[in-house]
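Shared between the two complexes below is chain A, which pairs with chain B and chain C, respectively.
Our next item is the complex of A and B:
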């Protein structure tokens, strides 16, 4: 197991180098250098912020030196300070020149996005597993057909549009759910239980929207996995020795069909993080997506580069966790035989 | 093709996509109004026999804008996925044919690209450039070639070991001839399937970007930016939000049905697993 883990960790090194190269490339995509880009959204980009940008990324030095500095920034997770007037550090809390402790932008936003992602992953697993199993057990029956239609529509529906419709229907027309922010104004005065209910109400639509694509995909995946497994010899053996059907389905078949699901959930992390942009800006939820969108609109380059790198790092960590979980769940991988 | 259309999924998909293509192609003839003509006397009119899908906040006819928006969606989808497919074929073919260290480098590049959240990557690039329809097509293309690369590589790796390729090689066929006459034509089916499915996701990405104001720029109509207007008027003009959303849903559904149907019909291997 330890050897397996070390091998996985070792493979992350070239990926990190690649990520640093790609992000460096993006910085130099703009014709000229980024300080001369016509800042379409912010014509007031001042000479001062241009100077700051030059200094931050050492734009006056040779390319190779610049890349060295960029590597150093990535290595120390120091992405500078935001261009916005508050000038907060991009990643983590730091003391400013007056000695005041300032919290990092990503530090504040990350837990919120992680919470939404964990909740939607949970929702995906809770709903998609039974759907997939039912679909596989009643192949081509009415439940299977209904679920297939759900899968195709779930893949096709634009999340931001559905969010807009739900926002209008549940929030504006009926006033059942709040439509913006994380908490109500009087959140601080509520009891613990009321606080949980309040947060749940605020998060209900955003979590559902971010889970939707995954719901469709994972149901289909579980269904195909179950169909695959159900036709294998050991299932026939299990049935032949007279095990109850439920034991065969849930203990023998589902366990094996679920294995690839671990990897798939790990792989779906970048989509979930990236997909948070539209949902979070629509519902004014102060997570990574909204932070990133605001940074893009204001051409706040340090924040853009910081989130891009942290987002990639999170994906790598997610994949690593998925690999570990897989090795833990599958003795073949754990003991290094076959598979 | 006839064989493929015997599949009900593919038939429905082809019907939906065919209709939308036709409407988009004939937009200048069908559209009852100039899509950009502002009419201050007809602001936010509900759907009627004159304005089938109502009018927007500037009095423009939504039906006409939807028709021209369809052109944008389809254009962006095809060009972006065309770029991605071209890159994917070249890289995948090189990796799968020559193997060795080139293969390792290309596959690591794929891993790197896959580890950066795509939507973040697209937004970041657009932040450094200016949002325009051409930049969007290029950016979507440059950030979505990884799937095709993996696919073509896998096809090439397995095809290279097959007898007909080995015999052609023994008869003295040059590498380029092997690639273009033997390997590529035999990998065409999965490439077509992934192209069709790719267009579906490109349409979704474009509409999302336009919705955020970072895609197709007004006054040029796109389904995404009609929806952005719809958001402002959602309390009293439901038609501005409903129709573009349904159009996107139907288009993406059409491509997905066509893609899955083609896969089932043309690729006996996956068809076997599914049934």
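Our next item is the complex of A and C:
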């Protein structure tokens, strides 16, 4: 087992280097760099000064040399500083020689995106489970039809449109929820309880919108799992024993139906750090999606590479965890039989 | 049990949503006396990267930095230069030296005196090769800068340089005592600036907002409004909803919101006042003068006649714009009043094309010469107004037998792949206008190398000469004549077709008073320090205690 683990860990390194090299090259294939996007078309900005900037950022050197610089910094886990946002550190806060702290870009954006994604995943599971079970119990009956229609409408409705409608209805027509942003203007002066309520109100529509699209997949998954399990012999046995229907459904059937769901949720963990650009722009949420999009538009290479690398590393770790779980469960994988 | 818990949570949430403090609304149209205080909230689409304007560069940064830092000079409501930190300035007889006298007893927000040493320091900073600024060019022309005493700052140029005055209105003075021995490129000062203007930074929450409070030591006297809050809301639709919900006070509208949506909603017109000011730039159709057939002035003029500018203004801007005939802001002295835009005249256009040798020989509806059809590509970037203009232009060109295709590109690719190497036929683009009339970098024939701004390759020795003269002449009246002649030749040569200049369309909540309406040439924001919010109209704020 330990040998298997070490082997997997060892192979992750070249994989990570390969991913970063490919993303580095693709990013630099796009025309333009930070000097064309920043003050690129301002007659007051002269071409000489732009050449000077290019030199300062090492953008005038061959691509592989630039990649070498980046790899060298990554060797010490230094994600570098952003071009576009006044040299802010890409990943985590840094102290300079005067003792001033600069917070990292990803450090700011990641918790927000994580919070929204975890909340919305939680909401999806909380809602999709009962919906799936009800559909399975009343297969092809009116509740099943209604639920299927509901989740597919939720899946199909354009998120940005629904978001705008909700913002208008809940924020403008009625003064119930805030429209955009994460905190009210006087957030700092509120008490703790009021701060929590304020944050919850700000997150309500974004979380709802982001959960709605995921409802269809998970609820149908639960429904199919339940249908499979309900036709198993041991369910018949349980019923034959005279157990109450609720115990049969929730204790015996649902537990088994949930196993594949847990695998599915495990696989969605790397997705938690990604944010939707459209939703984040609409709700003015400074999350990962907006950070990445802006970095691409500005050709802010250190930020792009930072986010891609962290995403790749998380995906690899997620896969590794899944594989370890399988290996633990299945000795054939561990010994490498059949491949 | 569980069910009751859920319902309980729901009820708590719902009650938290309901509004408790309903105060009868005050009359928004009544007159109120001037009083200081209050908070003005606006929205901007991007977050500044830092608040040192010479390094940050983007419009969000300069919008906020302009409340924090002063320059030596500024422009008044009619866009004439006047002193800001400078009490007066004097140009020497040979026009090569400018001496600025600072106002007495100026102070930084932290109480330290602001002297000519700070000005000198800022100049050294912007011209330093290690400083990551794209804006050094104007200041590098200074051959000698000195601060003989605390109130005097003197700069000398190798030869007279007329745009110098504008450049000194553009350089925001930074405090030497805080930035000395710091690396300007990544100093924390960029996020904790100390300036000398009306406001100082109160709080910057990353990705959400910046708030500024009144600076007690403001060099230009105290502003009326206590606090300015800028929220970062990237999506214009969300901004508009926030304006409707009364969460922001100021927003720049687009023509559809301005002309259609707001007037159709009485609940908005009740509390929102609409203003109109001249925009800061114009949109044009530019020809690649290196390529046939655009090297022929008759073809350029024909296309100019074939485009209906009023149609563009009505269709794209819903009438909220003006045709222009010179590359200057209407209403300023630099506009030659005798110039008129090319009228929409297809007969003239066809006639000119015929003279240039273009006729429809093969009866396919497209003009041709020597067997080659008159066809080209109109290139533009992802900008709704420019895209719509290109479509309208395409149709008008079709009517006189020109086959134009449209290609729309993302900005960085557009610049890097097409504009810089000069690989395009025709572009639809915009120029923003500086306040100084000098446009050497855009039109002079020496400025046509890759990455420079005469990318259309305009080359006219007469224009070159006028542009050179204009830079050397510091006498405003003589300069005006030079630039009037320059714009006349430019219009005649038609290297670009002026399409329109769109208005700036700010919407401001009626609680904000003291706004100069109709807007002077400098725009409504020129006296924002005199805007005030009567206390009865202010938003409820939780008090600090």
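Basically, the second predicted complex is superposed on the first by the 225 of 339 C-alpha atoms of A that agree within 3 Å, B and C clash if a C-alpha of one lies under 4 Å from a C-alpha of the other, contacts with A are read in each partner's own complex, and residues count from 1 in each chain.
Please note the rule applied: a contact is a pair of C-beta atoms (placed from the backbone, for glycine too) under 8 Å apart; a residue touches a chain by one contact, two chains touch by 3 or more.
None of these values were measured; they are calculated from a predicted model.
Novice: In the superposed arrangement, which partner chain does A:260 touch: chain B (first), chain C (second), both, or neither?
Specialist: neither
Novice: Considering only touches as defined above, state whether A:189 meets chain B (first), chain C (second), both or neither.
Specialist: A:189: touches chain C, not chain B.
Novice: Just chain B (first), just chain C (second), both, or neither: which does A:283 touch?
Specialist: Only chain C is touched by A:283; chain B is not.
Novice: Touching A:201, do we find chain B (first), chain C (second), both, or neither?
Specialist: A:201 contacts chain C only, not chain B.
Novice: So in the superposed three-chain picture, is A:143 touching just chain B, just chain C, both, or none of them (first/second/both/neither)?
Specialist: neither
Novice: After lining up the shared chain so the two structures overlap, which partner does A:316 touch, if you call chain B first and chain C second: first, second, both or neither?
Specialist: The first partner, chain B, only.
Novice: I'd like to know which partner A:153 touches here: chain B for first, chain C for second, both or neither.
Specialist: So A:153 only meets chain B here.
Novice: Output the chain A positions appearing in both contact lists, the one against chain B and the one against chain C.
Specialist: In the superposed arrangement, which is not itself an observed complex, chain A uses residues 30, 37-38, 40, 164, 167-168, 172, 281, 297, 299 for both chain B and chain C.
Novice: Which residues, counting only chain A, touch chain C once they are in their complex?
Specialist: Residue list for chain A touching chain C: 30-33, 35-50, 52-53, 56, 81, 84-87, 96, 98, 100-103, 108-109, 112, 164, 167-168, 171-172, 175-183, 185-186, 188-190, 197, 200-201, 280-286, 290, 297, 299.
Novice: Write out the stretch or stretches of chain B touching chain A in their complex.
Specialist: 108-109, 111-121, 123-131, 200, 204, 207-208, 211-214, 227, 230-231, 234-235, 238, 241-242, 244-245, 248-250, 252-253, 256-257, 273-274
Novice: Across the complex, what residues on chain C touch chain A?
Specialist: Contacts found on chain C: 13, 16-19, 39, 41, 47, 49-50, 52, 55-58, 129, 132-138, 170, 182, 185-186, 188, 190-191, 203, 205-209, 229, 231-235, 237-238, 241-242, 244-245, 247, 410-413, 415-417, 420, 431-432, 434, 439, 441-442, 449-453, 541-542, 544.
Novice: Over in the complex, which chain A residues touch chain B? Could you list them?
Specialist: Residues of chain A touching chain B: 14-15, 18-19, 21-23, 26-27, 29-30, 34, 37-38, 40, 152-153, 155-162, 164-165, 167-168, 172, 224, 227-228, 267, 270-271, 273-275, 277-278, 281, 292-293, 295-297, 299, 301, 304-305, 307-308, 311-312, 315-316, 319.
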